[in-house]
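So the structure is just underneath, and the comments pick up after that.
We call the chains A, B and C, going by the order they appear; numbering starts again at 1 in every chain.
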Amino acid sequence: MDLQTFNQIAELGKLTFSDTERDELLTDMTEIIDIMDTVKNADLVYDPLKDNKNVFINELRKDRDEPSFATAKILQNARNMNNCFVVPKVVE
Amino acid sequence: MNLTELSLRQMRSALDKKEISSAELTQSYLDNIKKTDAKIESYVTVCEEAAMEQANAAQERINANEVSPLTGIPLAIKDNICTEGVRTTCASRMLEDFIPPYNATVMEKLNNENAVMLGKTSMDEFAMGSTTQTAYEKKTKNPYDLEKVPGGSSGGSAAAVSAMLAPAALGSDTGGSIRQPSSFCGVTGLKPTYARVSRYGLIAFASSLDQIGPIARSAEDCGYLLNRVSGFDPHDGTSMHMAVPDFTAKCGQGVKGLKIALPKEFFEDGATEFVRKTVLSAAEKLKAMGAELVECSMPALKYAVPAYFLISSAEAASNLARFDGIKYGHRSEKGSTYGELIMNSRSEGFGREVKRRIMLGNYALSSGYYDAYYGKACALRQEIREEYNKIFETADVILTPTAPRTAFGINENITDPKMIYYSDICTVTVNIASLPAISTTCGYDESGMPVGMSIIGKMWDEETIIGAADAFEKTFTRIPAKGVC
Amino acid sequence: MAGYVPVIGLEIHAELLTHSKVFCTCSAEFGGDTNSRCCPVCSGLPGTLPVINETAVEYAVKAGFALGCDINKFSVFDRKNYFYPDLPKAYQISQLNLPLCINGLVPVEYEKDGVKTTHDIRINRIHLEEDAGKLTHNDLEGVSLADYNRCGIPLIEIVTEPDIGSAEEAKAFVEKIALLLKYAGVCDCKMEQGSLRCDVNISLKKPTDTVLGTRAEIKNLNSIKAIGRAIEFEIYRQAKALDMGQRIVQETRRFDDNRGETRSMRSKENANDYRYFPEPDILQVNMTDEQLMSIRSDMPEMPDKRLIRYTENFALSETDAKIIINEKTISDFFDDSVAAYNNPKAIANFIISEMLRRINLGEISLDDIKFSPVNFAKIIEMAETEKINKSNAKDVFRALIDKPEIDSEKLAKDLGFIIETDMAKVIDVIAGVISANETAVTQYRNGEVKVFGFLMGQCSKALKGVATSKQIKEELEKMLKN
């Protein structure tokens, strides 16, 4: 795995690494990707229909609303203000 | 009467006959925890006060003769199962202070019966690993040898049961996380059929593979506990409307006429000679008891580990994306923008193994790689399922080693990821194929470490594998863990 | 800067009118105190699982029927992964390869250079997904605040083929879609509340070009007017750039309503890579032919069919028919009224001239019409059969708005509008008027017919509620001749 790919993947997962961490991980990942690459030898194609569990529309949850949670419980593990989650200012 | 040596059924009977109280029973376990858990480190959180309160509440029900099977019986719960008001950490710095505002469905079920929760057990961080050494706080030790790993990821649950710190526990199994630590710690662990037990409230590692299941000191106890947590759950869209039979129905009935398949690939690669011999001699023993051994093959086993890692890492990368420090979990002090804050929170909150899997998962899913990796892994999953179906055409159950080798040393310092990942080869196909499997001890190696064998069943047929494991257990004398004595 | 052909495709997001959210049981109603309509599932707490709402799937299928789509009887949900503070799970549950609906067609009528044109717009797909939360920006504290009430409101995304050629056509298309969705009963299409939102993909090409140009995507347009203005600006901007030999950058742009301009949104360092994969927490949804038929049979008659029926069977003018069809409530009310009194033209006229006026004045709420079509139709029937004077019908209607539960005939009676038709009295009164206005009568008989109006007025005044004008007029003419 090259450094550019590594950096792109890290960005996708929102992770940062120190140089040492990165170098270790690069080595590990290259080795693991070697293992993962063996699946390419299997001459198979995924068929979504084979995974069908035969659930039909009429078996789905009925559309009834129920009381929500108390706002305080929803926010109990978060930094919050005015009953909202606090996020650093998002500039669009 | 040694309270901590009773089976769940014996406890039930002793409680109902008022020979013991739930408080006494609970206290005896809390005493054991106090005495030895400093060495074992199986619990992340011990709920001493709450447990005694629950025991007293349970006693009122017992006194009123309004009991359910688990009323007043103490249990340990893996720390990735959400418990309202009780810290649920996934053994991660990320969730060090996370207090769920809701209960997992399995907890609702246990609470409705007034079962007693002794505490939350340690695990590999976010259930990723097979050593319990990636835990942020409590790196659990093997009760048979404190220098050795208890296995993982449900190492805390397995070690607690093994060390008499809980009569039974709930764990979770994504690629062997119940069976392998049960094997390492010399106890019995059962991974139910996928969708048998609700996953609601189980902090997800890999959604299509995760399943909650029991770890106990016998197959019968596993069945007894599994009965209490199984069933359709309207909060889990993947759980199934399947009848929940008495899982212990086949206990005590032996294995006469049971067709046991031995897929040769499981005994060829990876497994040490000692493990191979031990499991094969257990098979011979079962044969002597009236079972029929069937030879079979699973050619796709060579793809099982990579397919498992692709699927589990991809799902994990997505499942763990929600941990951003905003809604819950570790929030970095650094970072002035949203992007910086979540990047720092995640980088500080997750350990190395978790980050590695997130990286792999995102790699496997990223554009340009999806078909070659994830798509192929899903095709392999279908192939492995078909191979299992074929074996089950001529066999009732399948017997394999649970792990290629017995518990290894904490300081053995296995850094080769290849080595670590292939240690899962015996267990992952069961998750890939959604099957139930039970691991029970079938021997001890030269240093006294337990060897586990796995009995794999057909979909929804936990009864048969519990019955088979029970039959074996009744002929096998376990050696108690010495690390705690 | 001439000679470019705009190529436009739309992505329309419509919130579905379910009671509960698409994956949990929280209320899906608009608004509410911040984070008061949340539970562990929709706020993305660890361990939670989505459980799909049957009605949301049904509504998406209905939208598909309304837009002439084929329905996939086997449909799969996928995760679309990206980080944004309004998306608590960091993935949106959506559909990629097997959406619920595909291959639709929507005919759109609009004016092109003053000429009425019809064009069929192809629908690529409609898929079901979940809405995200809302962010507000607190400048004082320098933070953004996230509210998850909207998280998990069911949303359909309608994706067109790039078949649209102008701002006018795009506007007409969105209006048509809104109408169809309202008819299907799946979305209230209140753009101002965000229940219908539109993204525009637009590129320009030369008429001879066989490949499409590079496109820009304009996000989140929330009014028909904004859609038109944004497209017009974008055509101007891209044409100018192309004329100057510049290349168009593929990017996401935002429309600034105040300036009437689109502006590039801050580009993200990474091109979006959503890493779609099948959602393992939701099982694939199957539908049988019978189930689809049953959903289809729930659909009301759609606007295009109603137009044919109104113009051909009811002989309404196209303009009138369209006015009525434009609001499903009105059209349904019209049909029910016609069922009570089979005089579509009269009913249509009264609805257009009176009822819609009262609705616009706010005297009647469209969402809650209190009087029944039967009671309403009776007013028109009375006027048409000259039980009351036509001019009095309006007054009866106003009385009905105030007292919707009272029978309209009784209202007319109480107002003294019911015509009794007492011909003896008519003759009596006319005789009186004739004898009291000898001069005028003589003038009339000498051929000054214009005084008839004066005499008629005298009679009508005295005969209010006794006979119809027609009867009075006939009698007066007869008596003047003698």
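As a working rule, a contact is a pair of C-beta atoms (placed from the backbone, for glycine too) under 8 Å apart; a residue touches a chain by one contact, two chains touch by 3 or more.
Predicted, not measured: the structure shown is a model, and the values here were computed from it.
Participant: With respect to inter-chain C-beta contacts, which pair, A-B or B-C, contains the greater number?
Facilitator: A-B
Participant: With centres defined by CA atoms only, which chain is the most remote from subunit A?
Facilitator: Max centre-to-centre separation from subunit A belongs to C.
Participant: Could you put a whole-Å number on the gap between the CA centroids of subunit A and subunit C?
Facilitator: Taking the average C-alpha coordinate of subunit A and of subunit C, the gap between them is 39 Å.
Participant: What whole-number Å value describes the gap between the mean CA coordinates of subunit A and subunit B?
Facilitator: That pair's centroid distance is 23 Å.
Participant: CA centre of subunit B versus CA centre of subunit C: separation in Å?
Facilitator: One centre to the other, that is 56 Å.
Participant: Touching two or more other chains, which residues of subunit B qualify?
Facilitator: Counting only residues that touch two or more other chains, subunit B contributes 98, 101-102, 234, 237, 317, 321, 324, 326-328, 338-339, 342, 362, 366, 378.
Participant: Of all the residues in subunit C, which ones touch at least 2 other chains?
Facilitator: 40, 43, 51-52, 81, 83, 85, 144, 146, 273, 275, 278, 283
Participant: Check each residue of subunit A and list the ones that touch at least two other chains.
Facilitator: Within subunit A, the residues that touch at least two other chains are 8, 12, 14, 51, 53, 61, 69, 74, 85-91.
Participant: State the interface residues of subunit B toward subunit A in the complex, per the touch definition above.
Facilitator: Interface residues on subunit B, with respect to subunit A: 97-99, 101-102, 234, 237, 240, 300, 302-303, 305-307, 309-310, 317, 321, 324, 326-329, 331, 335-344, 346-347, 350, 352, 355-356, 358-364, 366, 372-373, 375-380, 382-383, 416-418, 421.
Participant: How about subunit A: which of its residues touch subunit B in the complex?
Facilitator: Touch list, subunit A to subunit B: 1, 5-6, 8-10, 12-17, 21, 25, 28-29, 31-33, 35-40, 42, 44-47, 50-51, 53, 61, 69, 73-74, 76-79, 85-91.
Participant: What residues on subunit C touch subunit A, complex-wise?
Facilitator: 18-21, 25-28, 33-40, 43, 51-58, 74, 76, 81, 83, 85, 97-98, 135-138, 141-148, 254, 265-266, 269-270, 273, 275, 278, 283-288, 291
Participant: For a test of understanding, state which residues of subunit A touch subunit C in their complex under the given definition.
Facilitator: Against subunit C, the touching part of subunit A is residues 8, 11-12, 14, 48-49, 51-58, 60-66, 68-69, 71, 74-75, 81-92.
Participant: Using the touch definition from the top, list the residues of subunit B that touch subunit C in their complex.
Facilitator: Of all residues in subunit B, those touching subunit C are 80-82, 90, 95, 98, 100-102, 104, 199-204, 206-208, 234-238, 314-315, 317-318, 321-324, 326-328, 338-339, 342, 362, 365-367, 370, 374, 378.
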